[in-house]
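The chains carry the letters A, B, C and D, assigned in the order they are written, with residues numbered from 1 in each.
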Amino acid sequence: MKQAKTSGRRLVASSLFALALIVAACADDDADAPPGLDDSEDAVDDVDDADDADDDVDVADDGDDEVRLGILGQCEGPFGGFHEDTVAGVALALVNHAGATVPSDDTALDGWEGAEVNGTPIELVGVGCGDDTPDRILAEVRQLVEQNDANVVIGPLSGDEGIAVAEYALQNPDVTFLSGIAGSQEPTLEVQAPNFFRFHGEGAIWNAGLGDILHNQEGWETAAVIADDYSFGHTSTAGFVAEFCGVGGEVTSRVFPPLGTTDYSSYIAQLPDPDEVDGYFWAVGGTGTQAALEAFVDAKGDLTGDQHAGNLFFNPDLAQALGPDIAGAYVGGFASPPGDVQMPAIDEYLASADETWDSLPTGIAGGERADASAAASFGFMYGYYSAGVALVDGLAETGGDPSPEPLQSALGGLSVELPYGDIALDDNRSGIVDVFISRLTVDDESGEVVQETVALIPEVDQTFGGTFGADTPAPSRDFPPCEERDLPWVGNAIPVEDGVPQQ
Amino acid sequence: MSTAVGQAPQAGDGTADSKRSVVYALPKAVAYAAAAFVVVWVLFIAGDSPAGPAVSNPGRFVVTLLDAITFAGLLFVVASGFTLIFGLMRTVNMAHGSLFLLAAFVAINVQHAMLGKSRNIVADEVGILDWVVPMLVGALVAACVGLILQQLFLRWNQGQELRQALITLAITVIMADQMLNHFGGLALRMTWPGSVTHFIEILGQRYATTRLFMLAVAVLVGALLWLWLNRTRMGLVIRAGVDDETMVRALGINITFVFAVTFFVGAFLAGIGGAMGASFAGAATGSDGDWLLNSLVVVIIGGLGSIKGAVAGSLLYGMVIAFAPAYLPSRYSFYAIILTFVLLAVVLAVRPYGLFGRPA
Amino acid sequence: MSPNAIMSSDREQVLRLRSIVMAFGRLFAVNGVDLDVAKGEHLAILGPNGAGKTTLFNVISGDLTPTRGTVMIKGVDCTSLPSRRRPRFGMARTYQKARSFPGLSVEDNLYLAVVGKRGRHLSLWRSGTDRSWREQARAAAETVWLTEELATPVSDLSHGQKRQLEIGMAVATDPDILLLDEPASGLSRGEREWLIELLSDLGADITLLLIEHDMDVALRVVDRVMVMADGQQIAAGTPSEIEHDPVVLQTYLGTGASA
Amino acid sequence: MTRQLRSPTTIAFVAVVALLVVLPAIGSSFFVNFIMTRTLILGLAAATIVFLSAYGGMVSLAQLMLFGTAGFMFGNAVLEASPRGLNLGWAPWTAVVFALAVATAIAFLLGALSSRTTGIYFLMLTLVYAVIGYNVFAQVVPISGPSGITRITPPPPITQATHLYYAALLLSIGGYVVLKLVARTPFGLALQGVRDDPVRMASLGFRVPLHRALAFTLAGFIAGVAGLLNVWWNGQIDPASIGISPTLVLLIVAVIGGISHLEGAWLGAFVYVAANSYLRALPFVDRIGITEDRFNTVIGALVLLIMVLSPEGLSGVIQRLSNEGRRRFSRFSSRDGTGRVDTSGDDAGESPVVMIDSSTSPPTEERK
């Protein structure tokens, strides 16, 4: 009797399970109907068989007559508020350059309609939902490629995700990847997947120009660094150190508080006192930006703006609590410059965003609704916009052919015209970009701390004059070392006054 | 009839003359030796550490000690609510961190509303009321949400500890997602009142009075908690309930009401901690997990259910957090966070239920 | 009343307690008890609620380490030997509130009792001896009339059956010293008769310590009685002596005679 | 015994296995190599949580950390020129042995350290272990560092995605059978005794902490096996892979399936993975608020619902339904069965589940 009961239960359980399996498997088969099936099976085999990558070229030619675009966004984790921005960036690019329209004027997540380049439609097959971790983004990208059959993927958003997606790209040569705004060096420098393109800068690039200005213009001889102890903190630091030391400065101490630190006082205490060093470079993000600064004030003395510089986390929008004392500090660049930079192309771009959507819930407004141009002017949306424009340009180049080989070779040779500066790629398919350096100032009218652009560093590439390469270690707590080196852009900084580059 | 089967282990401490005592004396001896070594290290050796030995840099030592104690104050406020709820109801409220973060977000928004601006707030603009009112509002919201959770999800399964823990874990997942949706992912911050934002000199080191203010608030909270538990009838019932739940039932006291009040107070304390934490370190997505973890570490060290334990746990944990980065050799100072584990291991090896804990 | 004075014979001593004190904070549950038990002796410990009987049992079985005093089992000082080491001395006990393993079957409960004493606790294989242990478990089930219920999960047993199992688990270990904490509580009249029969039939080598409220059961199966109150021994002697002891009558039987 | 071979249970088990074996021939590659491989890996890892909970009364949140430790160690041992890690360059199978040995050793150490705590203490303590594990791999750069270890490939015979699927299937079946069998050995029975009443077990002569520590070690070993499959499948591992949210996900998988049924682990994993992949693709779900960006709310609500309605999870629900069905069709309603695990669902309505029992039944903890 007991036998019958327990076994009966398991029988039911097993049958339900089996049924679910069959239903799921079959449902999936339908979705995967030819021609996608061949593609996706090959793609999957390649996961473990990267060496055979070349075999698949002929298969890929057989019938791609549309772009099935997947977007890797981020809807959870620290950047979860920027999910809408990612899709909006791509959609706006297609609205502006591929004749698309958006179905909704208050959300970007509905995608677009009618995007077409030379007769080739661009369809959105899915939006991946990352949470700032590589594991999750790998699951999402696999779903886009292997289930939704995407042949082009735009994304991801953050650095470590970028490494994971680039590795995945290496194993799936038939899919074309355009980085969203992932700010790590490795995806292009180290992994070098031939089908992974990055039309934006990264953590080190965005701090180019700071060292030159601080040493040669502000007269800093020595500096101390405090940065988050993870890859973006390390990469930001690497860009600063490479240049500051490169032009003759000396970094006397580097402090790396772990992520999740609540009380920064013990780490601040490790920094030299303000009279022992000419300045400090900060690359602490999240709650840490303000908490670490306040711990500094508590222990070392009031902030004097000209003794500080920071990476993009010194953005008053990201760290809304930055007080007026910090005014005078230099701030590294990001994909897009602060709002004071004015050029016709930029006005046009921002206006197009406002025309497309009435308002968007955007991360930069803390998830509140804001004008679409507010999102568009910030780097996250702009990075995805750049990728979208590059895709359209690449397709235009191939005459609308989205097959991997022509599209990827077209993308590699592009120089994309973008509102905040044209972007070409280096040999590793990473963007050579213009970096805008800004200072924090107190706005006369509102009394708020704002960013004021002071210089434009043209054509920064990620090797930093050979400091970083495929053979060098990844940026870490002690790499790169502090030594003099030649950087191609030193001395070429273009001053920016009142938002207008002086050239 | 049985007075107590399996009482607290301390009963065995007195007997020395057997193999068994030796076995359990060993971890104890190791723990004491380790503690002594740490003290000697910090005071006299501390070679190659960022701070240097205390005898040669007393200012730094005193400041580090103050850092430890002031941060412990914040830890205590957060953890005391957690341990109070557990002590009376045996409910491990995994949503404690979520209540902390919710209160933090609410308090920040209230403060912004009161000041009429949300950025570039300087302390001088913040009156004491601009800080206290948001804190109380935030804490009240957390307390009400906590009470609702308790009434909806926990009241009817009292005693099923793990089920309750898992229920509150699920609530944590939902609340985190909803807070991300409503408050965004950016780091926000509450500003200390200007009247407490000053700096003093301690042995040549600058020190912020906001940290001392935080400690003062914590002491105040602790004192009120003590008065409530020791000087009121309900406190008496709660303390009796902590010791023996059946006895309280037998006395015919309306335990459901006491439970509700206790949960309310516990969540309120999480909320006070949230407002303080938002002023001290800011609040953002993910802070909930950090603070749940902080509470867990404190109560595991101190002993679940014991307010005394929460004090001791906060102090010890605060010490490790403040001293480890400063007094580890520079080469290893990145591993400071791992010392938390060493602390836990040492405490658990000697007292499996924490310093002041009793077996469930 | 010196303990030696009440020693019934000069047979081999299996248990010797000396000035046992068990304090919980300021509460002295057991306060200076001396006791000698000889091999094969059947002793009942009587006393009102809170007299410290179960605490004394816990000290003997090792569940508690006494605050002061010594516990000698078969001539060995076991004062702070943990409870898990005591079955090797042939000691087995039951608990006042039945403590068996509700998630396991009756047979598995008895089997664990057998295995506990034998070692090989960590075995991942069922060896040849395992089969004989199973048989031992089934034999114990027969002793306590649970053969029908071998495969039943303990959580499904009736209260009386749980008491039977509790005794069975103690018996299954083939003990020399058996500590039974209120074995008759909650049993029906018929079951009590059965229990008395079972205890009376215990081998002459088995030493029995019994806490019991039911005087009928207690006095029918033991040959010596110790009466406790407030953590101390207040009387000792044969069942008939105790039945007529004025102190006992006043402190215990006077109030709980009907139990 | 022989009768069991022909019992409906065995037939059902064989049928499911057979279906899984032929699945690559009928299912799409995404379904097989993503959904099902991931299900099997997560299921195997979650089964260790269920094992500890159902047989040992310990709900562990450290299983994902041990799972990750094996993955990290494999990556450290096998790679030669990775930008991060030790780059030991060992032979793949040596690396496998090494990784499992490290995971098992750490499990033993942590198990021993927490062996005197139970129930809710154990849950909290293992959560702290999990976070410390995360910190160790995030901070100790020589063995990982923040960006983790990438470009890990499976050892030789496993060269294709379907091989990996079969490996996961084989090891899942193996893990299931081993855990089921262990429960019937003297060790397993003693463990269940420890779950039910540690004080009684001690007085019967058992070393209670040792049993807990060894059960935790066994679970750690199996979690390590799952962790190896995971790095082979995923190709990389980083500290965030063992962070607090994936730790909770693994627990959620176990809870969805039913934390006292071993089979439930795989069922829960399947539901979780499938929901993650297919739910948002269903038409109209966004109209009721289920969009990918609020997926956590949905999962949280699901777990909440399960814990509120039926702590036995889906396997408990299925069991209840099947019992209900049986009651309608037969007059047999007597209570029988042997193992706790086999019958617990039967009285799910009246008594709390195993995991909850463990914390309520023994009023006292054993003496050390």
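Rule of thumb we're sticking to: a contact is a pair of C-beta atoms (placed from the backbone, for glycine too) under 8 Å apart; a residue touches a chain by one contact, two chains touch by 3 or more.
Predicted model, so just to flag it, every value in this text is computed and none were measured.
Which two chains touch most often is answered by the contact tally, and the pair is A-D.
With centres taken as mean CA coordinates, the chain nearest to the overall protein centre is D. Ranked by distance of CA centroids from chain D, the top chain is C. If each chain is reduced to the centroid of its CA atoms, chain B and chain D end up 31 Å from each other. Taking each chain's centre as the mean of its C-alpha atoms, chain A lies 37 Å from chain B. Centre-to-centre separation of chain C and chain D, using mean CA positions: 41 Å. In chain B, 5-6, 12, 177, 181, 334, 337 are the positions where the chain touches two or more neighbouring chains simultaneously. Residue positions 135, 139, 141, 199, 245, 293, 296, 336-338, 343, 366-368 of chain D each touch two or more of the other chains. Within chain A, contacts with two or more other chains are made by residues 2, 76, 80, 229, 258, 477. Those residues of chain D lying in contact with chain C across their complex are 182, 184-187, 189-190, 192-193, 195-197, 199-208, 210-211, 214, 335-341, 343-344, 347, 351, 354, 357, 361-362, 366-368. Taken in their complex, chain A has these residues touching chain B: 76-82, 229, 256-258, 260, 262-263, 265-267, 269-270, 286-291, 297-301, 316, 318-325, 363-368, 447-449, 477. For chain D in complex with chain A, the residues that touch the partner chain are 3-4, 7-13, 15-16, 19-20, 23, 26-36, 38, 83-84, 135, 138-139, 141, 145-148, 150-151, 153-154, 158-161, 163-164, 234-238, 240-241, 243, 245-246, 263, 267, 270, 274, 276-278, 281, 291-293, 295-296, 315, 318-319, 321-323, 325-326, 332, 334, 336-338, 342-343, 345-346. Across the complex, chain D meets chain B through its residues 59, 113-114, 116-121, 123-125, 127-128, 131-132, 135-136, 139-141, 199, 244-245, 248, 251-252, 255, 293-294, 296-297, 299-301, 303-304, 307-308, 311, 352-353, 355-356, 358-360, 363-368. Within the complex formed with chain D, the residues of chain C that make contact are 61-65, 82-88, 92-93, 95, 99-105, 108-109, 111-113, 115-117, 120-126, 130, 151-153, 155-156, 169, 173.
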